[in-house]
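Chains: A, B, C and D, in written order; residue numbering restarts at 1 for each.
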Amino acid sequence: MLFDNYDPLKEQMLQILDHNGKIVNDKLEPNIKKETLIKMYETMILGRTSDEKALQFQRQGRMLTYAPNIGQEAAQVGPMAALEPQDWLVLAFREFNAMLYKGVTLEQAFLYWYGNERGSKYDDDVKVLPINVPIGSQINHAAGVAYASKLKKLDEVSIVFIGDGGTSHGEFHEGMNFAATFELPMITVIQNNHYAISTPRRKATKAKTLAQKAIAYGIPGIQVDGNDPLAMYLVVKEARERAIKGLGPTLIEAVTYRIGPHTTSDNPKLYREDSEVEEWIKKDPIIRFKKYLIDKKIWTEKKDEELHEKTKKFVLDTFKHVEESGNVELEEIFNYTYEKMTPNLIEQMNNYKDYLAKEGENNGE
Amino acid sequence: MLFDNYDPLKEQMLQILDHNGKIVNDKLEPNIKKETLIKMYETMILGRTSDEKALQFQRQGRMLTYAPNIGQEAAQVGPMAALEPQDWLVLAFREFNAMLYKGVTLEQAFLYWYGNERGSKYDDDVKVLPINVPIGSQINHAAGVAYASKLKKLDEVSIVFIGDGGTSHGEFHEGMNFAATFELPMITVIQNNHYAISTPRRKATKAKTLAQKAIAYGIPGIQVDGNDPLAMYLVVKEARERAIKGLGPTLIEAVTYRIGPHTTSDNPKLYREDSEVEEWIKKDPIIRFKKYLIDKKIWTEKKDEELHEKTKKFVLDTFKHVEESGNVELEEIFNYTYEKMTPNLIEQMNNYKDYLAKEGENNGE
Amino acid sequence: MANKTILQAINEALDQTMENDENIIVYGEDVGYEGGVFRTTAGLQQKYGEERVFDTPIAEAAIVGSAVGMAVNGLKPVVEMQFSGFSLPAYNQIVTHVARFRNRSRGKYHLPMVIRMPYGGGVKALEHHSESLETLYAHIPGLKLVIPSTPYDAKGLMIAAINDPDPVVFMEPKRIYRAFKQEVPDEMYEVPIGKARVVKKGNDITIIAWGALVREVEKALEITPEVDAEVIDLRTISPIDYETIINSVKKTGRVLIVHEAVKSFGPGAEIISIINEKAFLYLEAAPRRLTGFDITVPLPKGEPYFIIEPKQIANEVKNIMAFKA
Amino acid sequence: MANKTILQAINEALDQTMENDENIIVYGEDVGYEGGVFRTTAGLQQKYGEERVFDTPIAEAAIVGSAVGMAVNGLKPVVEMQFSGFSLPAYNQIVTHVARFRNRSRGKYHLPMVIRMPYGGGVKALEHHSESLETLYAHIPGLKLVIPSTPYDAKGLMIAAINDPDPVVFMEPKRIYRAFKQEVPDEMYEVPIGKARVVKKGNDITIIAWGALVREVEKALEITPEVDAEVIDLRTISPIDYETIINSVKKTGRVLIVHEAVKSFGPGAEIISIINEKAFLYLEAAPRRLTGFDITVPLPKGEPYFIIEPKQIANEVKNIMAFKA
């Protein structure tokens, strides 16, 4: 069993594909279907391209705050590829790639960061919870989703993401313990990208690894090279098996790095050295995965160029479309507070409509 | 080092004095001063007697809700004896013995449960924080007290108590992690009395021991026989040394049992077997400690009888005094909201005084 | 039809809805095996099993947060906060998620869930066991806040809350859990959320109260037979039924609001403001509030001062009746 | 004397008080090394060291709860909640402990501490970054709630808050952190807590606002020169300065309260109620509130509707002036 062989207390970290794209642990190389491998790679390219463009748009004043995922693609796509369509994805806020893999459209994903709640109204069959800003609180949601799956004896699990910083929050503790106590089919992936805004991982806890926090809940915890899509895939595959068997949750620490800023409002140069960033750029998950696919003869440089080309166009077109969506309708901000608008809300809306009719548009100053 | 030799993951539990009053680990027998041993024992007898009387008073309708400590005396008195006068005690709510040992008067302790805030106004030099009802939140207070001690380079530590049930709370996690991260001079004692009201310890977490939760914070955790005053003394002594050296907090799980009800409003027969209780009565900390003291020739049956006699009288007299204190003054409930009463509060109080002058006393129905 | 206390009425509402709909589940601290510290959920675990009725670790954020996830995944959780004072560790979940999931997802997800919590003073309890925290929930868009004052309403409102597609905070006036009995229909029925109840019609003054205070108002009127008061039991604090209030005030012109919550920035202030906005010209006297003082609820030996007694209500009524514009 | 923004004024207040009293310490998420996400605490760690100015784990209950312990043990912590929307995980600590330690211990312990939090909308932010949660703090006895609207007040109120023996929640109107500059004295000075500021004297109507809305009120008056309004910047929301309010209303007889917090059970309601209680017979028109709608603050593409603009204020002023009793 994977989780017995990698002990976080001994700082053993699972890696299958190293940063040169070499298999370093061939006994563990997962047997992933070709289409899946390609979907994984395409999603990573879409994620990366979207991030890069979004950062550009933001500099051009066309995008609001945006939290890029650059460098963390494997930590998201590996897990998602290991799951089944009926499984649930419970988000923190830095899982752009995971969302895309799971069926959130790029338009929706952009629309959210563009400042429109419609961006969190995913298609009906997309079992993804909206982006969750209050740190840690999503763990409890995932536990609840998993409780329902278990009670209804459904063959489904929940995967939930959290940052390294998030593990310090009380909600992390309560949710992990709740899930462990009731042996819920839940998988928690910590994206340890080494920073919580400006605060480095080492200042968030004295625990040598985040994976060892699993011991507090009596569940397995494992540290994984988060830039290795194969390792991330494998570990989630096994965690899913445990979950489905009724053995409860698993805690996975994906060791990765946030190459970009926390968000577009952040200047990482204030708190970290360029040299550190450069070290991690060498460990880029996309480069190693591409090498792996080419070595496996699943991919070619030519295909790669085409994909980049196509993706860029798709991202630009989609963003244009999003840009054209403009402000939301007035009704929209009132309509979803309750199932039915209360008399009070109707009155507030109508008064405001009267005002607008009289005075013209409100520009929020 | 004690903490390295007892590994909670291997379910090793420290015991020095077994339930027959025999030293089972003579290498570890601490060298406690005679006066200290006697103060420990006297406090335990005072605690036990107070508990028994309070339960009686409550049945007679003379006492309000009361949370007895019967069976948990060693888990409280052992630690307190190991500390220094300048150290801080941060309470949960089931530490009657610890409070008494640390200088809270019996009158104050009773007055609190009698329903008067004056019972939390301990004497000036008594470094004890008031009873803390919201589960888990006291851990953060203790961390803060310890932060100040460290910043001011004072030779003092904080000890904080929490129940087994309390370890599931988010505040436990945040406080422990905060203290660990800043290497604060704090000692956390979990009184694992096996129940949180009706909910047994095993339903609160899948962790085999509560001590292993320390691993999540990268600090030592140890399981101790909580009914063994010598083991509890020793472990806190060592934890204090670590703390003072700047090595940070320690997590101590005192394995004990709540012989009585959760509070006087609770009926434990609803949720546990008498046989379980009987097993634990055999492990009574007071019986074994008395045997130890007699074996050591520090104590005699005669002294014991005298002590019981004297203590009973003291408890009865003190309670009588408390009973005579009656209701608080009206000013008292307004006076301590802010340093100075606000105009609004003055007005509310005066209006009410006018009302009382007109209509006579308010009996709260 | 049988005589029941509020406690029994709530228990029956839970029992019958659970029997009817297997998606309803009930949990919280000590609610399972022993049936709650007040025994409101007694018998349910025995009947519906440990998976549907269970004890949780002491972790209010987990209790509420997991309910969010359950509701998203098709269940209807009815969770208990052991006392309203202990709902605060879950306050982040309630405000940032329970109240907002529908809006956040533009209706893709909604949360049919109920958060039960005994509230209010007068039971000689420890600290944090006597709070009246209506404002903290009424002020949050997306929540409904319901408080019954009778066994009949308790059952009907609880069933309505469970059936409601929106999340409902259900505060239970623990002081009158067992204080009196009332005929309660055996079958299931709903008392509509968002509708106040006119307890007594009258023309001189409108008295608005809820929870345990409704009975105190009734007692007060026994000692002021000269006043023909209209008494409104608000029942739903949010969204507030201003129609019933305004209609009454237009008739009486005088208003007293009685609540145990502390006064400043408390629930009574909203009612006065609504009346100002919608019936200002009908007012014949300054609307007044009789409320908890702006202090922490005292421990039992000081609590009597804090508890509002019928004589106090009667006194205020007389003051307002004496007001001359 | 130098021209400073609100942000700079707060920074200076922290700097000067820290220089003066080594028991003052400043911490929170990202406040240390990088000086806060808004850079309000910039430079302080460099000057006072990592022990007095530091970054914490993401754990708001720990930030506030540890401050309780520090204050008990002789420090004066000034902690930051990164945004007021993220103060909710600490709400349990704030309500059950920060507000109550003095009363609980009958004065043995008191908590000279400040909880800073940027608040309010209009900065095109993500969810939970735009809330106006005044009510949640103003309703809690034992807390003081202070909100500056100018650089001068920001410095003076922050110094007063730090020197105050009681715990102060200090909300900072982030929308105007850098919006304008004002002459701010170089030396330390206090602006008294509990005293409102009459921004402009007038006889026709009393307009009460605070934080970022004060400027919007001023702009509104520029487009309604026909109205001689008295403008009150409340500055301290709790304990409220009713003297200033009541004196003004007695003069004008008309009232408008402007706040961004959602309307129902919001801060404006208390002000209206106080006016009813203390100046009812002086009212010439129904007091009105212009506030945030009873909804979650929308994301940026819907937020413009939510933000109160000067024209709206002017419109309300005209409505109230037109009111005939």
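As a working rule, contacts are C-beta pairs under 8 Å (C-beta built on N, C-alpha and C of every residue); 3 or more make two chains touch, one makes a residue touch a chain.
Since the model is a prediction, treat every value here as computed from it, not as a measurement.
Within the list B-C, A-D or A-C, B-D finds its counterpart interface, over half of the contact pairs alike by residue number, in A-C.
A centroid comparison over C-alpha atoms places B as the chain most distant from chain D.
Each chain gets one centre point, the mean of its Cα atoms, and the points for chain A and chain D are 36 Å apart.
Each chain gets one centre point, the mean of its Cα atoms, and the points for chain C and chain D are 30 Å apart.
Work out the mean CA point of chain A and of chain C, and you get 40 Å between them.
Averaged Cα coordinates give chain A a centre that lies 44 Å from the centre of chain B. The set of chain D residues that touch two or more partner chains comprises 57, 59, 61-62, 85, 88-89, 92, 96, 103-104, 127-128, 141-142, 239-240, 264, 294-296.
Multi-chain contact residues of chain B (touching two or more other chains): 117, 133-134, 168-171, 173-174, 177, 181, 203-205, 332, 337, 342, 344. Taken in their complex, chain C has these residues touching chain D: 61, 85, 88-89, 91-92, 95-96, 99-100, 103-104, 127-128, 135-136, 138-139, 141-142, 238-240, 262, 264-270, 272-273, 276-277, 280-281, 283, 285-289, 294-296, 325.
Those residues of chain A whose C-beta lies close enough to touch chain D in the complex are 64-65, 112, 114-117, 133-136, 165-166, 168-171, 196-199, 203-205, 265-266, 270-271, 325-328, 330, 332-334, 337, 342, 344-345, 348-349, 352, 355, 358-359, 362-365. Chain contact summary for the complex, chain B toward chain A: residues 9, 168-174, 177, 180-181, 183, 203-208, 212-213, 215-219, 248. Per the touch definition, chain B reaches chain D in the complex via residues 88, 90, 117-118, 120-122, 124, 129-130, 132-134, 137, 139-149, 151-152, 158, 170-171, 173-175, 177-178, 181, 332, 335-339, 342-344. Residues 29-30, 33-34, 37, 55-59, 61-62, 85-86, 88-89, 122, 124-129, 216, 263-264, 293-296, 298-307, 309, 311-312, 315 of chain C are the ones that touch chain B when the two sit in their complex.
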